[in-house]
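Two complexes follow with subunit A in common, the first pairing it with subunit B and the second with subunit C.
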Partner chain A sequence: MTPITLADIGLKEFTLQNLPRLQELRSQYFSRRPEICIERARYITKYLRLHDDLEDSPEIRQAKKVSYFLHRKSAQFHDRNLLAGNTTSKALGAPLFPEFFALTLWPELETVSKRTKNPQLLTDAEANELNLEIFPFWMDRNVLEITRTRFGNPKCLQLFENLVFFIAAKAGCISHAVPAYSLMLEQGVSGLITMAAEREGELAAAGDPKNKQQIDFFRAVQIALEGIIAHAKQLAKEAEQLARAANDPAEAAEFAEIAAICRQVPAGPARTFREAINALWICQVGIHAENINMAMSPGRLDQILYPYYRRDITEGRLDVGQAIELVGCLWLKIADNVTMVPEASEELFGGAGTVPAITLGGVDANGEDAVNDLTYIMLRVTELLAIRDPNVNARYDYEKNSTAYCRRVSEAILNTKSVPAFFNDTANITALTGQGETLEHARDYAVIGCVELASSGRDYPASSSIMMNLAAPLEMALFRGKRPITGDEQIGPVTEDPSTLRSFEEFWQVFKIQLDWLIGQAIQLNEYMGSVHQEMMPSPLLSALFIGPMDKGKDLIQGGALYNSSGATHIGFADVVDSLNAIEQTVFIAKKFTFSELLEQVRANFSGPQGEKVRLYLQNHAPKYGTEAPIARKNSRNLVQHLFNLYQSHINYRGGRYRPSYWTMTNHAGLGGISGALPHGRKAGEVFSSGMTPVSGAAPELTACLNAVAELGGELVPGGWALNIKYTPEADVAKMAERFAQTIDAYFRAGGQQVQFNIMTYEMLLDAKKHPEKYPELMVRVSGYSAYFKDLNEMMKDELITRTQYGLADGQAVPLPALQ
Partner chain B sequence: MKALVGNINRYALHDGPGIRTTVFLKGCTLHCPWCHNPELISPEPEIAFYLQRCISCGDCQAICPQKAICMESENRLDRRRCTGCGLCVESCPTGALVLTGREYELEELVELLLRDRLFYARSGGGVTLSGGEPTQQLLFISALLERLHREKIHTIIETNGLFSYEQFAAACLDHLNMIFFDLKYLDARQHQQMIGSSNTLILANLCRLLTSRAQDVVVRIPLIPGYTATAENIEQIGKFLRHQKARHFSLLPYHPYGLAKAAAVGMTPDQTLPTQAMDQSELLPWQEFFYELEMVTP
Partner chain C sequence: MIIPFIEELNAMKMKEEMFDIISTKGIEELWADFRNCFDSEVAEEFLESLLTLMHIMFVVNHHYRRNINQFNGRYQFCSEDGEITVGVIFAHGRMKVVEGMVDAPHITVTFRNGRTLLNFIISPRQDILGSMLKHDVRTEGNLNYLYKFGFMAKQLQLMIPQLG
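So, the complex of A and B:
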């Protein structure tokens, strides 16, 4: 336990007005348009063309490739941020990773700069270089094509490419990890290199040929880490030049100091708070030379950086204002990149950030209160900047953390209207110990990307390996292995015609047959792609910043981490549970319809003469997830339990188990758009509800909703979930914060794992859709991450608008106004 | 043991401290023209009809065994024929027909009320019994309050004060943390004239409660324009409360939500009542009549 020494944990005296550097950087950030950065694609292509040695092990080939790029990566200073280093060559860059999906840009080289929705700028010269030099090299060398060739275009790959069943994320990334930075900060990257060299030397001296893979791994670690040091030297050199060229002596001094820091870290140990922050950031930059910018999450920064902060404060080198400024600089650096999104992916992923997650508060490895002064500083910075990335998450242990802390996080959410998200320590630690992680390791969990959980630097969870559309197997159960969208094609097994079934239990069995089959296909593809990654995309650089690989002498991709799971998330959970409820209640209990009648209506998208009446009946009379209706409780529990059992029975290529989770990014809008009508009265093409959230309008009472979700939490959801709650804003923030905090506390005690908020009304969001120019910085929670409302596609905007809005003054859903 | 419950309101913030669940029991002995919950006056189940939700499908008419539904009538229901069986409610696809009044077994209700106990515990809340007039189902609420008390749930009753003191005291008093006691008129003649019944017993009960439990009693005065909200009435009430050594009072600002609900259950709303709610700021001048007492604003 660390004593809080701040007089005001809200740090209200610090505002953007008296932090001019942050204010300027923030306004520059909002004025920037994303530019596509081809630098990495250029250098790795050049390397592979000219220098790649096929005799090398996969780890060494990867290390050389990454190191080649890092030695040549441009060192630039786009603004007066106090930290050195950028993930890309642009001020706000979308890097291209041709190993993955970069080639989807090929047909759009001419249009990507000019498209109306979220354009990404690309110069003619660079488009030309991509077209002639870079993309042709990768046509049959990316993960997807290698998988296709090696495994003979298997059915599971075809299902994925159909996009309406599941997404196999390994075609686009693994990333999604939280490194362990403490050792790097203490020893410097040079220290890590020395450790790797010593291990290599010992193994070589033993002379056992079986050691070759480990020797190669330690060799690869050294090569990759040398790349980081080389890049830091470039940054120092550039800063020295800028210092010499500066007319303003203050500016010259500033760059000179940056240069001195880059000469010290990350190669050497960090001696100050500022050096620690910059060392960590340059390592993040290095990680992004190797791993694509998807949810590479820095983790528990209030814990990792605290010793440096405390020492500097005690020794008078730093004051709170300076610390706020440095943390703000880091937040803005983390926000310096976006994902390259081709037009075709806008529907599924439009408006998403890269979701690097930072985790604050909670308990330490001994289970004691870990909240410290730096926690509050980071909360204040998050509140002041209110930017999309980093994705800041607050852990809360209702037994150990103070009420003041819970209240302060609540207040930050009410002030920003959306961030941070709230995580329940008890439930999430239970989720991880249930996966065989030790209690100490589980207590040191950090959030990855949206909501996924990992013991910091010990857990390599590939947490977005599979994104499963749960409505697909439901439709296949209704239509004997076919789906309306894929027409007459037999997709899954031919199961019994539901109209011949005599009980709901029989239908549940049919549904499970389709579900298990489809998940089996998704896992099969993930295994295929995992084996391709093992040859093509090891991560020696990231491995060096993990606990496990350096002991085992094994890359992360080979199972080097202490824990090695694969994550599968689910889209359409609430819609599928409500459909099961509707079938059970109206067909088998109340016998209001026969199964044939219901199927007829679903097939016709409720368009016949009785269609709307039937649809309204289903909507108003079937039990709903989020209301505590016994049937809904049973079906939601059964589905969560079944998915848990199913995934846990599969061991992945790294030797770990699959873990289910429930977050949806913007996929619930995109996949809803291409899914057919469902038995709970949802029409074809309408959005699904997000993450673990009940269907919009289905859960009128707040406490019943929170209870119904919470009781599913803990062991059965090891991958984490996103629950979206929308509250009506109130004028008296302090008064609302008290109720807000009490409500969260009760939801956590009931078992809820996570909750995130939008504090806004239907009317405000409708207005923001109509007049985007009035809301340039409006940030909303999507499903596990934040986005700027204006960047979202129309379906996703509508989904946010129609989400149930609760009044925290009465705990009731506010009726949705008539929509034009 | 069963009770007829009109409505259950979870996350209630205006019926006592903290986050509460309020149970509205059906059936009331008073007939105040401004009643906020007119659908809870009758001690029988009733069907409420909301025209704007109706799609005129006629399913209700087809299923009604009493032939009590007429599609041509704007109120749909012939209440002389309706027995409140609820078949039409079950068949209505849109929720235009709503059954007010559902029987709950004691344990069923207790289970429901305990679902939010974590919310009560974190906020210092609990359960409030309201209505209607909850003491009309005295045996049931006695058992309910005893069960809740045993579960250490904070309990409040909201009452119009019209009950036999001995029976009420024996049945409930030991299991109640607070009593919210409504007082409309002090003057007996006015009470008789406006509400149609005497206030003698009400005042006597209030006095007895204040003698034994003044600390736990909150006297609530509804401010109804054209009715109770006169300087004379409120001043009299203030004096009376000081004299009886009451500690807490609460002012209930008028709101018009009862008007639409009255229409939905086939009652004729009082035409003299305003359609605008009273603003919190309008309470200020009335508070002055209650000096020496502490105002409770839940």
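So, the complex of A and C:
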């Protein structure tokens, strides 16, 4: 346990007013418009066109490609941030990764800068270069097309391209990882290079041809890491030039100091808090040179950076205000990039950030309270900046962490109205030990991206591999392997006509047949794409920052990490559970309708007076997930259990198991928008509920809702979940924070894994939709990540508006006002 | 219905002949047809208009022609009702339109009607994903070829005001 030395853990004396640098940087951040950055695409394409050697191993080819780019990556200083390095060449950049989905931008090259929704700036010259030089090279070479060519356009790929069954994220990213930065900070990147060189030398000296792959891996690590050092030197050179050119002595001194830091780190060991922060950030930049900017999560920064902070404070080199400023600079650097989103994808992914997750608090490897002064500094920075990225998450162990800490996190959430998210150590550590991780390693978990869990730097979970639309197999069970949206096409197995079934148990079996078949298809495609990644996208740079690859001599993508898995998340969980409840209760128990009658209404989208009558009956009388109804509790438990068993029975291409999770980004809106009516009374086109959250309006009592979700937590959800709760704001924040913390404590003791909040009313969100200009910085939690409300698509805005709002004082749902 | 225009297009081997066609038909009329596809509810003629203008502009506009200078691509367009089956082949810096099926297309696009195809490829708020989600349009093959085609169609659309 680390003693807290701060006089006020709220650090109230530090405000943006007395932190002018952060205030200015924050203001610049909000005024910037995203620009598409083609720098990486340009240099890797040029490298592959002119210099690629097909005789090289995949690891070495990738390392050379990345290093070539890093040697040429521009060194720029867009503002007075104290840290050097940017992920892109733009102040707020959307980098292009042609190995994945960059070519989806092609139709929009002429219009992306001017589109109405979330424009991303692109110069004519850059558009021209993409059209004529870069994109043509990649037409047959991205992950998706290589998979298609190699495996003959398999059924699983066609299902993915149909978009309405599941999303195979490997076509778009490889990322989603938490590196281990401590060794890099202690030894410097040069130290890691030396380690790799020594291992290469030992293996080469053994003279065994079987060592070739390992030798190549260690060689690749050195090549890739040298790219990071080269880029740091460029940053130093540019800072030195800016120091010489500066008229203001203070500015000159600032750039000179930045230059000196870049001459020291990340090549050499970090000696100070500031060097450690900048070293870590330059390595993050290097990681983004290799892999796409999606959920590359820095991890437990309050733990990793604490030794440097404490030493500097003790030795008088640093004060709390300076630490806050440096952490703020890091937060704003992490927010320097966005994803390139083509207009066509706005419906599914609009408004999403890049979700680099930072994890605070919780317990240490020995199970003791890990909250320290830096935890509170990082919470204060999160509160002051209130920006979308990084995605800050607070771990809480109700036995070990203090009540004061829980209240402080609660207060930060109330003040920002949305961040950070809360994670339950007990349930999440249980989830990871259930996956074979040692207790010490599980205790050192960090959040990846939205809500996914991984032992820091030891666990490569590819956590967004599959996004499964659970409504698809339900519809296929209702319509004998077909879905209304895909017409008469036979998608899944021909199962029994539901109207012939005699019990709910028989329908449950039919549903499982369709579910298992569809998940089998998604896993098959993930395996195909995984093997393409192994050849096309090894990650020697990221591997060097992990625990495992440097011991095994094996890249992450080959299974080099200590723990390996693939993650599958699920869309429409609550809607499917409620549909199962409705079928069981109204068809088989109460016999209110026959299955044929129910199907007829579902097919007809509950149209006409009779349809509306049926729909209202289903909504008002069928048991609902999020309540104490025994049928709902049983069905939710059975579905979670079945998915766990099913995924765990599959071993992935890296030798790990599949892990189910429940978070949806904005897919619950997009996929809900195109799905047909469902048996619980949901009409066609209505959004699904997000993540693990009960259907809006279905759970009127907060305590029952939290208990119903919480009892599903722990071992059966190793990938994590997102539960969204909306609270009515109260005037007395301190008083509300106390109740808030008590509710968290109770929910976690009941087993809840995670919860995130929006502290806002229906009316406020309706007003924000109507008058976006009044709410330019309004940040909301979507399903695992934060977004600016104004950036979301209309369906997603409506979903946020209609989410159940609870009054914390009485624990009751607030009635939804009549919507225009 | 679509055969005559294909015959005309494939007959346009020489730039001079192209100019003859333009002068006969009237470029203003061709652009007007194309523009009407965006304005009217019925867009059945969209594919015909698009391919005709695309073909002409590749011949007369060297800047536009750069799109296909070193491009080899084979496209198959089919309407769901079977009324339209058109192939488009880009090779050796030329564009060729063929009635019926082409061999080994890089991408096959099956569309419900002209309006859905227009929305899919070129509408002011292009909606490739939405069209696919709603199953207005189905594709089979390499979508990157479709993205390139979409860009060329969009460029053509953006030329309308310059000539209007």
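Going forward, the second predicted complex is superposed on the first by the 818 of 820 C-alpha atoms of A that agree within 3 Å, B and C clash if a C-alpha of one lies under 4 Å from a C-alpha of the other, contacts with A are read in each partner's own complex, and residues count from 1 in each chain.
One rule holds in what follows: a contact is a pair of C-beta atoms (placed from the backbone, for glycine too) under 8 Å apart; a residue touches a chain by one contact, two chains touch by 3 or more.
Everything quoted here is computed from the prediction, not taken from an experiment.
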Subunit B versus subunit C as contact partner of A:Trp106, first or second or both or neither: second
Contacts of A:Gln509 with subunit B and subunit C, given as first, second, both or neither: neither
Touching partner for A:Asp810 - first (subunit B), second (subunit C), both, neither: first
Which of subunit B and subunit C A:Thr743 touches, first, second, both or neither: first
Partner chain in contact with A:Gly670 - subunit B first, subunit C second, else both or neither: second
Partner with the higher number of touched subunit A residues, subunit C or subunit B: C
Touching partner for A:Tyr617 - first (subunit B), second (subunit C), both, neither: first
Subunit B versus subunit C as contact partner of A:Gln534, first or second or both or neither: neither
Contact residues of subunit A, present in both the subunit B and the subunit C interface: none
Residue ranges of subunit A touching subunit B (in the complex, touch as defined): 612-614, 616-617, 620-621, 628, 701-704, 707, 739, 742-743, 745-747, 749-750, 809-812
Residues of subunit B defined as touching subunit A within the complex: 9-14, 18-19, 55, 57, 59, 90, 92-95, 115-116, 118-119, 121-123
Sites on subunit A touched by subunit C in the complex: 103-111, 115-116, 131-132, 135-136, 138-140, 142, 144-145, 148, 153, 158, 161-164, 342-345, 347-348, 485-487, 670, 673-674
In the complex with subunit A, residue positions of subunit C that touch it: 66-67, 70-71, 121, 125-130, 132-135, 139-145, 147-148, 150-151, 153-155, 158
